Amino acid sequence: MSSSISDQLQNLGLKKLRPSGRQPDQMREVKITRNFTKHAEGSVLVEYGDTKVLCTATVDRGVPRFLRGSGQGWVTAEYGMLPRSTNTRTDREAARGKQGGRTVEIQRLIGRSLRAAMNLNKLGENTITIDCDVLQADGGTRTASITGAFVALQDAVNVLKKDKNGAMKGDPIKCMLAAVSVGIFEGQPVLDLDYAEDSKAHTDMNVIMTDKGGFVEVQGTAEGEPYSQEELNAMLELARKGISQLVEAQKAALAK
Amino acid sequence: MSSSISDQLQNLGLKKLRPSGRQPDQMREVKITRNFTKHAEGSVLVEYGDTKVLCTATVDRGVPRFLRGSGQGWVTAEYGMLPRSTNTRTDREAARGKQGGRTVEIQRLIGRSLRAAMNLNKLGENTITIDCDVLQADGGTRTASITGAFVALQDAVNVLKKDKNGAMKGDPIKCMLAAVSVGIFEGQPVLDLDYAEDSKAHTDMNVIMTDKGGFVEVQGTAEGEPYSQEELNAMLELARKGISQLVEAQKAALAK
Amino acid sequence: MSSSISDQLQNLGLKKLRPSGRQPDQMREVKITRNFTKHAEGSVLVEYGDTKVLCTATVDRGVPRFLRGSGQGWVTAEYGMLPRSTNTRTDREAARGKQGGRTVEIQRLIGRSLRAAMNLNKLGENTITIDCDVLQADGGTRTASITGAFVALQDAVNVLKKDKNGAMKGDPIKCMLAAVSVGIFEGQPVLDLDYAEDSKAHTDMNVIMTDKGGFVEVQGTAEGEPYSQEELNAMLELARKGISQLVEAQKAALAK
Amino acid sequence: MSSSISDQLQNLGLKKLRPSGRQPDQMREVKITRNFTKHAEGSVLVEYGDTKVLCTATVDRGVPRFLRGSGQGWVTAEYGMLPRSTNTRTDREAARGKQGGRTVEIQRLIGRSLRAAMNLNKLGENTITIDCDVLQADGGTRTASITGAFVALQDAVNVLKKDKNGAMKGDPIKCMLAAVSVGIFEGQPVLDLDYAEDSKAHTDMNVIMTDKGGFVEVQGTAEGEPYSQEELNAMLELARKGISQLVEAQKAALAK
Amino acid sequence: MSSSISDQLQNLGLKKLRPSGRQPDQMREVKITRNFTKHAEGSVLVEYGDTKVLCTATVDRGVPRFLRGSGQGWVTAEYGMLPRSTNTRTDREAARGKQGGRTVEIQRLIGRSLRAAMNLNKLGENTITIDCDVLQADGGTRTASITGAFVALQDAVNVLKKDKNGAMKGDPIKCMLAAVSVGIFEGQPVLDLDYAEDSKAHTDMNVIMTDKGGFVEVQGTAEGEPYSQEELNAMLELARKGISQLVEAQKAALAK
Amino acid sequence: MSSSISDQLQNLGLKKLRPSGRQPDQMREVKITRNFTKHAEGSVLVEYGDTKVLCTATVDRGVPRFLRGSGQGWVTAEYGMLPRSTNTRTDREAARGKQGGRTVEIQRLIGRSLRAAMNLNKLGENTITIDCDVLQADGGTRTASITGAFVALQDAVNVLKKDKNGAMKGDPIKCMLAAVSVGIFEGQPVLDLDYAEDSKAHTDMNVIMTDKGGFVEVQGTAEGEPYSQEELNAMLELARKGISQLVEAQKAALAK
C-alpha cells in the first residue's frame, strides 16, 4: 500500500491512529551502528525505535562435531535479554539455571534464518556465532536481532576474507536478510509492532525475507481470533515494504 | 488444486512420484483412536501413516498462579518422543536433564494453538494438560499431535461438562482445530510430508487451522532456497485441503 | 478361573478374595507382542493385565569408555512412565529436569538383571540399550519391564547374529530371565500384585529368576510389619510358579 | 580369632580363608560412638572394621507438605561419601550437580528401613532427618549406615521426649533395627563383606532386620551366577547371626 | 598527563611506562552516564577507559522470605558478561545452565558492599536489585560495577523517596561508595589495572571505600610472589587516591 | 601487640572478655592430625577449637586440558560442609543440585592460595586435588581448611617424591602457608574468631600468609561500619601472630 493512499484513507477518517501515531505501513526509526564494541569480529547495535539489540559475531576456526571433516562451516546464534531491558525485571536466565522456552525459540529462529542466507560450503570449516543481547526492549526484539545479526555476520565474513589461512572458498553470503513483524491491531494490518501494539495484537507475524523478495521464514500466530487468507496477504504485503526499507538501512550501514 | 487437475497432470507425466507413491495433494492414512489408555480424561492415539502419537488430556482443578482468582482456565501441553520412536535412538530428555530446543518449541506451539480454539473464561478455573508422546515417528509428529490433542481436549471438556462442581460456564470450545504440514519437495508443493520427504524438503510449513478455515498458526521455513509468494499460496491451498479431511476424521472419531 | 469358583472357595473359608477376584497364586493375563513399533532392533509390548510397557532394544557399535578395548559388550536400561500412565498425572521427568529416585532405582535394577543373563564377552564390543516406557500402569511395571525387556534383548541379539561385522563371539545369552512381584496382602501371600493390592500390601517383593530357577535378584520390603522367614519362603514359592508361566509366555512369543 | 587358629583350620581343609583372615561367619570389629559431633540431636560414628560412617539425626518441627495436618511424623535419610573416603577419589556429587543413582538407591533404602521401625503417628508432626556420611569406605557402607542411623534416631527421639512442646504421643520407636551384608565369596556364604570381598563376590545381599528377627528388607543381587534357594537360606542364616551381634552393640552404646 | 611528560619521566629513569602509557597513580578516563536505558528505576553506564558496564537498579515492594515482617529492606546484585564483551568469546552462562564461580564471587561482593553503605531499616520492606552487565571488558569490571551500581542505587532510592506509599523511613543511604583495583605490575604499585596489566600483575587488589575514607572491602591476592606489608600500604594509598576521584565523578553525575 | 601488654590492659579492666574467655590475641587450641583416614595420599584433621575439618589430598597423573603438554602441574580444591556440621542443618548441596555461592568462593580461595605456595613447573604434569570437608563448624572453617590443606599437600608431595615415574622436577613447594581470621568484635581487634564472635563481628578479615611473612591473600569485609587504616593494621598485626603459631603447629605435625 503506497503511503499516499494511506494518507488519503486517514484523511477520510477511516483508519484509527496507532498508539505511537504511526501510519499502519510505517516503520519505527531504524538505526544500525557498526563497531559498537571493540572485541568482536562484528559488533552491531540495531535500533527499531526504542528496541535496542547488540549483535556480535564471533569467528572460530573449526566446526561442531557433526560437521568435522565435511569441509562445511556453521552459523549459530544465541539470544538473551538483560534483566532490566524490559518494563518489569525479567529473571536472569543464568541465575535460574536454564534458558526459557521463548529464548530457545528465538535463538533457533535467528540461527536457522542466517544459515538460509549462507552457502556453508563456501564458508569452509569455520563457525560464526552470533550473540543477540537485548539492551532495551519495546517489541520486535527477534526481528531487530535478525536484521542486526546479518550486518554483524557480513562484518565477520569480511574479516575471514582477509585471512589467508581462513579456509574460505569464495563468498559464503548468498543474499541479504532482514526481518520485521506485522500484525492485526484493532482490526487493521500494521507494520513493525511496538510493545504497546504487540501486547494487544490479535495476530502477530514475523517475516524474514531476502533482499530479492524470497521468504526465509514466516511465523504467524493468532493470539485471539484466527486470521483469514486476506489478512495474511495484507500482512505479507506490509512486511515486504518494511523489509525493503530495512535492506536499504543495512546497505547504508555497510557502505560506511 | 483439485484432484482432477492433479490426475490430469500426472497422466501427462509431468509430476514426479513422491517416495511413498502418494499424489502431491494426498494425505497419509489418518486414524484416530479414542480411549487408548484408561486413566486419562482424554486418551487418543493419532496416526498419520507410520507416525503414531499418544495424546492424553488431564483435568486438574485450579490454575497456575498468574491466573488465580481470574475466573479463567488454562490449557497447556507437553511433548516428548520415546527414545526409540526414531530411526536411530534419541537420548532420553529426562536422563539428559533438560528438554531440547525442538521439544520446547513444539510443546509451546501445541499449547498456544489449543488455547486459540478455547474460550478460557468459559472453562472456569480448571487446567487441562495435554501430553503428546510420540510412540513412532515418521514425519509430521507436531501436526499429528495437534490434531489428536484436540480430540483428547474435547473428551476432557466433556468430562468437565458432566461435573456439577466443575466451574464451567458454558462450552469453552470455540471451534475445531487440526494441523498438517506442507512443503516444497523436489520443486513441487506437497501435502503431509513423511520423514523421507521432510528430511529433504526445501521448504517445510506447518499449518494449523480451524474447521471454519481460519489460520491459527502458519510456520513456514526455507531450509535451502527462499520460497516465493506463489509457492506460499500453493502450500496453503494444499493445507486447506488436508485440514478439511482431518476435521472430518476428528468428527467421525468423536461421533463413535 | 471363573468368579463363581472363587466365590465358592471363599464361602468355604479357604481364601480371602483379592480385589481382582484372582486366586492368591494366580497371575494376571500376560501378553507379549513383538515388533510393536518399527524402528528398534527389538520392540516388545508386554502386558500384565492393565499394566502395559513398551520395551525397545537398540544396538550400537562400541561400548562406554570404561570398556573400550576390553572386547566386552554392555547392556544398559532406561525406564520412564508416560505422564498419564498413572491414575493421577505424574510430572514429566524431562520437564522437571531430573529423573526421580524411583526411576533411577528401577532402571538400574533392569540393567543389572539383564547383564546377569548375559555373557558380555561373547557380545563383543556392542552396546544394547533397553528402553522401558510405561504406557499404562496398574502395579508391577518394573517386573513386567524385565520380562518384556528380555524378549526385546533376544530380538536385538538375533539382529546382531545376522551381522557378519557384528563382532559377536557366540551366543551371549546365558539363560532366560523373567520377573514377578509377590507380597503379603491382608495377611496372605499373593502373586503378581496389581495397583489395588500394591498400594496396601504389608510386604512387597520383586523376584527376578532365570528359566533354570536361579535367583538373579530378590528385593523384599516390609512396608508396615516385618516379615518372617516363613512368609519369605511362601512368597518365593509363589514367585517360582509365576516365573515359570512367564518364561512359557516368553518362549511362545519368541517362537512366533 | 588369631590368625594361627584360622591357619590351622584351613590346614584341616575345613574352610577357605577370607582375605581378612576372618571366618565365614565372623563380623569385622564393630564400634559405635555416640556424640561424635556436638550440634546434632543424634551424632553417631559407626565403624565396621575400616568402614566409618558418621550418622547424624536432626529434629525439625513440622512435616513435608503431603503430611501436613495428618498428625503424623516423618523420617527421611540422606547419604553421601566424602570424595576421598574411597581408594580412588570419587567425584563430589555437589560439584557434579546431581546425586548418582547408587546414592539415591542407598538413601531411599535407609529412610524406608528406619520408617519401618517407627510408629509415625506417635512421632507427631516432627521430621527427623538422618544424614549418613561415609568418612572411610571399606565395603558395607549402607549396612553400617543403617545400624548407626538407628542409634542416632534413638538419641533424637530421646531429645524429643524431653520436650514438653514436642507433640510426641508416646514412644514412636517400635523395635530396634540393624543391617549387615552377606554374600557368596569364592563359593562360600560369608558374613559382613569388606571391599576386597565385595568387589569379587558372586552374590551380594543386604539384610535389614529388627531385634525380634523380622525382615525389614532383603536385597540380594547375583553379580555373576544366579544363586539357589539353599544359598539364599545359608546367607539369611549368617545375616541373622550378624544382626544379633549388631543389636547387642547398639544396646551397649545406648546404655552408656 | 600528556604522554610527552611521561616519556620525559621515563627517560629520566624515574618510572617504568605502563602499557597504556599511564602514570602509576593515574586512573583511566572515567565516565558515568545516567538514564542509559529507559525502563529501570536507575540505569547507569559506567566506563573506566574501555571497560563499560551497564548498571540498572530495580525497585520491588516486599523482601525475601527471611526478612518478611522485619521492617527491613534488602539490596542484592547480579553480574554478567555479554559473551563477546571479552577478547575471545566467553560461553553464555544461561546456555551452560549455571553461573560460574567468578560470577558468583563478584555478584556477592557487589551486593555485600552496597548493603554496607545502606541503612536497611530505613529502606523499609523494599528490595533493590542491581544488575551489572558488562558490555565491554578491559580489566576492572567488578570495581567499575560497584562504582556505577552506587549511582544507580541512589537513583532508585530517589524514586522511592517520591513514592508516598514506599514505606521508606528516612534516607537509607549512609555514605557514598566507590571501588578501584590496585596491584603490583612489574614490581611497581599501580592504580586501576587494565586487562594488559591485570593478566600479568603479581598482585591484584580490589579496594572498596566510602567517601569518608573507610574500608568496606579489601581483597588482595598474590598471583605469583607474596606481597609485603609495605607493598600493601603503597597499594592502599593509591586506592585512596583513586576512590577520591571516583567519588567526585559520581557526585558530578548525580548533580546533572 | 605483646601478650604482656594485653595482660596489663585487662588487669586495668579496659578490655571486654571475649565470649570464649580468650584474650584478644589468643588463638583457640590448634590440633593437626595426619593420616586421619587411610586411602588418601594426604589426610589431615585440623581443629581450631571446635571447628574440625578433614583435609585430604589426592594425586592424579595428568593435568586439566588447558595445561596438557605444558610440563606444568595443577593444584585445585573443593570444599563442603556435612549437613549437620552446623548448629541448624544446612541443606546438602548434592541434593540441591548445586554448590552455593559461599562454597564456590571458599574453594576458589583455598585452591588459589595453595597454588601461590607452589612452583607448578616443578610439580610436573600431576594434579593434586585437596578436599576440605567440615565435620564440625564453629567459625573459621575456611582458614582452618587452608592450614590443614597445606599439611595434606605436603604429604601428597612427599608421596610423589618417592615415585620414580612421578615426573616431578625438584621440590614444588616454595614456602609454608597458613591462614587465620581476624576481626573487630565489640570495637576491639581479635584473633581467630569463633562462631559466637563471627556472627556479630563488625569486620571479618581472612589472612593467608607464608612462613616468611608474605601476604598471599587478604580479604577484609566490613559487615556493618567501615574500618579504618588503623584497624586494618591492628588486625594484620594479630594475624601475623596467629600465623606464626599455626606454622609452628604445622611443622610439629609434619615432624612426627
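Labels for the chains are A, B, C, D, E and F, by order of writing; each one numbers its residues from 1.
Basically, a contact is a pair of C-beta atoms (placed from the backbone, for glycine too) under 8 Å apart; a residue touches a chain by one contact, two chains touch by 3 or more.
Just so we're clear, the structure is a prediction, and the values are computed from it rather than from any experiment.
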Quiz item: Can you name the chains that touch chain C as well as chain D?
Solution: none
Quiz item: Minimal path length between chain B and chain D through chains that touch?
Solution: 2
Quiz item: Which chain maximises the distance between its CA centroid and that of chain A?
Solution: D
Quiz item: Based on the averaged CA atom positions, which chain is farthest from chain E?
Solution: C
Quiz prompt | Interface residue identity across copies chain A, chain E - same or different by half | solution = same
Quiz prompt | Interchain centroid distance [CA atoms averaged], chain C/chain F, Å | solution = 53
Self-check item: Chain centre separation (chain B, chain C; CA means) in Å
Solution: 34
Self-check item: Mean-CA-position distance for chain E and chain C (Å)
Solution: 61
Self-check item: Where chain B touches two or more other chains at once, by residue number
Solution: 97-98
Exercise. Would you mind giving the ring's chain order, read from chain B onward, with chain C coming straight after?
Key: B, C, D, F, E, A
Quiz item: Can you list the residues on chain F that touch chain E in the complex?
Solution: 98, 101-102, 104-105, 107-108, 112, 116, 175, 205, 209-210, 212-229, 232, 236
Self-check item: For the chain D and chain F complex, residues of the former touching the latter
Solution: 37-40, 43, 50, 52, 54, 56, 58, 60, 78, 80, 82-87, 89, 92-95, 97-99, 103, 129, 131, 133, 135-137
